[in-house]
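Chain lettering (A, B and C) follows the sequence in which the chains are written, and residue indices restart at 1 in each chain.
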């Protein structure tokens, strides 16, 4: 192994953490979507890394492909909704999209 | 079983898929948009017939272990189709759904039925993830379907953002599981996990998977999306969401927990116990102050998820039976409640509880049905909800979790308080105006099915219980 | 030989409900006749069962069927000396209250549907021998009561109805937990009362389950401090519903104590005895004092119920032969007497539209027949010898005195208090100068008298010849007494501290 397993895992963990921070602190809806993409890519790194050392490498890489596809789909749907909101509310800041309350 | 051989057993789902595509394109053909809805209904009926015709006695593993056709799947296949069928019936009547895009709407509902069936049959991490995401993505779109309604779009955005984050968590947990065991098959994981060097990593994976699944079943603290989404979505979609993904989410939870995490029983049982108590309490207490009926039902269904979690917390044979029976019973009851809500909001034009005043005079049928459904949710015999409640209580007491039982009992009283707040408005207060409330025929069919289920399963639950008992022991 | 008479008794009201439900719109008037016919039919069936009733200690007319075998739940109904008087009382009071319900003018169809459903629930509760079935019928009683109070009641009816409902629901949910504990604690797991009665539970287990059941029943009786729903419910409920509430529903609580707490958990019953004494005496005295302070006629009778049910508890607390018999007698007679008193309250309220006793005065000249009947029932309630109220109270005090003489002495205060508030009531309403307002008051009419006469007959009959009632309850109670006081421990239960 050129790069030790632990390093890759740590990397994906950091990526995941950055994504989480992004989701929690960003107010721009598109920014949150980007952070979600970051989360999913962190998982991808994890999967590919594990597939290197597992008995069923195909499974991990196949899973990663599907995650990529699904991340794209989720992004598409998310952006569509954001656009629909933008058309009428003229904003993508989540703290201004707060009609539904307690 | 190879792909080609599997196809014959997969016929109902294939019909569903083809039908969904067909419905999508039928929008170009039909002038009268209601025909699209009828054809969607027809697809469901054909699928149900095929399921009945093709029922198998032995568990089958289709598509190379990606689709497990056992008794659990059988039960929830039918349940998923029935739930979507009733949602279609509700949509036929619900007027805010615009006349455009009806093809897409019904097609999406049918696709989500397909996704729910996949959820019930998934024993493979990849399949679980795909099925959950499939249903979720469709739900995000369905929630935001009323493009003119700003509540609808806002709910949709919140749902998507929250849901995607929870799914990402679940995915991370799944990747950890894959790393620890080297396989994606959930049923083969328990031995590998039992001998893992870092049990803390296993528990981390478990908690992260809980995040994703907990989101689907609206378990605290992942329930926060539910009230906004349920209130903002078009009512038939809300009806679908409170029941479909929730019940199927529990099925996935059972499969994952029983397949992979049984060696760690002592670790996650107390966690679920506490989460169950928090969930039911949060749901019930906040419901007390609601004035919008959809929000009230939303918080009520959060609390109901808490009761079902009691069965998961024990995870004995009796516990799992309780979860499955409660899920079925709850489906009937909640859907029935939404039939009444749709019927009333069509005439009254509002979802505020105070506008339900005097419903008993305007439509004794709807008011009486609402009473039956609320009593069932409160757990009053001889209705179906009591059977579900009884089973979870029995499971909990048998294992000696007395504190949980007492908390659940107190919660049931609190729930009865706000259910009766609505009943009081319906029965005891005079109506604003006296004209009768019509109940169009799709709603009558839906009402008939749900009422029959709620009452019959309460008085004669034998068949359901026998079937659920035959599902265990789980593969 | 299984005749299905008991099942017929329980489910006949449902037939009445079906008939009423299918009445065409606008024919709501007919509902009351159908209901009356139904209650009379139940009464007739009860008399048939009465003729078949044997004076033995065992369960009779038992019917068994499978219901939910996967849960171990069966449909078992049967009767014995404890439940049959209650069934008789229920059938009788249902008929009388139905006649009294002829005064209900709006939404009659719904009223009688709920009324008949209530009757089924009450009858089923008394006749069930399966714990699960018992719980189902117990809960069935809740919902019709909520509506009967909430729709046809007085100004604060919604509050009273929901208070009643939530209070009772809370108690019964704890009872459900107790039922489940018993189910899983029994070998083999069963809900069958007869099997459970044979089981040997540890004292610890008995104590916990006793308390769980006790909570559910204590709210119904009602036992201080769980009684706060009662005044509101009684005052706001329409007259016939108050009658049923006082005459039958309260008895469901003490019936439960006898049938479950005492029969299934005898060791725990002994353990609880001192507490039961205290609660009984507190109920008697507290109920009496508060009744004395009331100005609302109905509320006064409601608190007098708390006091009289305290006597039942005293008999139960005594845990001896005469105490238990006294408790059963008091249960039956209180039903008839207080039922009669509530009917009388209703008669006055229908005419005067007030229940404030300070507004009345000197009515004895204006409505002599009413006055006479009111005095009759008041004497019965305060325990005048010769009328049935005396029998129950005397036996209970006798039983209590054997075990704890000082407590019992304090309980005697209850009789003095009863005399006080009842005579005070009579003075305020009937005696003194006639308040001019009431010079137009009409006397009690034939229909109302018809509802009271059967009760008066029973009051005198049992007062003069009590074995008419006692011989029916004795065999079963003796059996229960043997269970509670097996011969070798007889000495330890007598002569305890005061």
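Convention: a residue touches a chain if its C-beta (ideal position, glycine included) is under 8 Å from a C-beta of that chain, and two chains touch if they have at least 3 such contacts.
Keep in mind it's a predicted model, so treat the numbers as computed, not measured.
Least step count on the touch graph, chain A to chain C: 2.
The highest number of C-beta contact pairs joins the chains A-B.
Closest chain to the protein centre (all Cα atoms averaged), using per-chain Cα means: B. With chains reduced to the mean position of their C-alpha atoms, the one farthest from chain B is C.
Between chain A and chain C, the centres computed from C-alpha atoms are 66 Å apart. Measuring from the averaged C-alpha position of chain A to that of chain B gives a distance of 26 Å.
Annotation: 44 Å between the Cα-based centres of chain B and chain C. The multi-chain contact residues of chain C, meaning those touching 2 or more other chains, do not exist; every residue touches at most one other chain.
Of all residues in chain A, only 9, 16, 19-20, 23, 29, 32-33, 36, 39-40, 42-43, 46-47, 49-51, 53-56, 59-60, 62-63, 66-67, 70, 73-74, 77-78, 80-82, 84-85, 88-89, 94, 97-100, 102 touch chain B in the complex they form.
Remark: chain B residues 125-126, 129-130, 133, 137, 140-141, 144, 147, 150-151, 153-158, 160-161, 164-165, 168-169, 171-172, 174-176, 178-179, 181-184, 227-228, 231-232, 286, 289 touch chain A in the complex. Contact residues on chain B toward chain C in their complex (touch as defined above): 375, 378, 380-382, 386, 390, 393-394, 397-398, 402, 405-406, 409-410, 412-413, 416-417, 420, 424, 427-428, 461-462, 465-466, 469.
Against chain B, the residues of chain C that register as touching in their complex are 68-71, 135-136, 139-140, 142-143, 146-147, 150-151, 157-158, 162, 165-166, 169-170, 173-174, 176-177, 180-181, 183-184.
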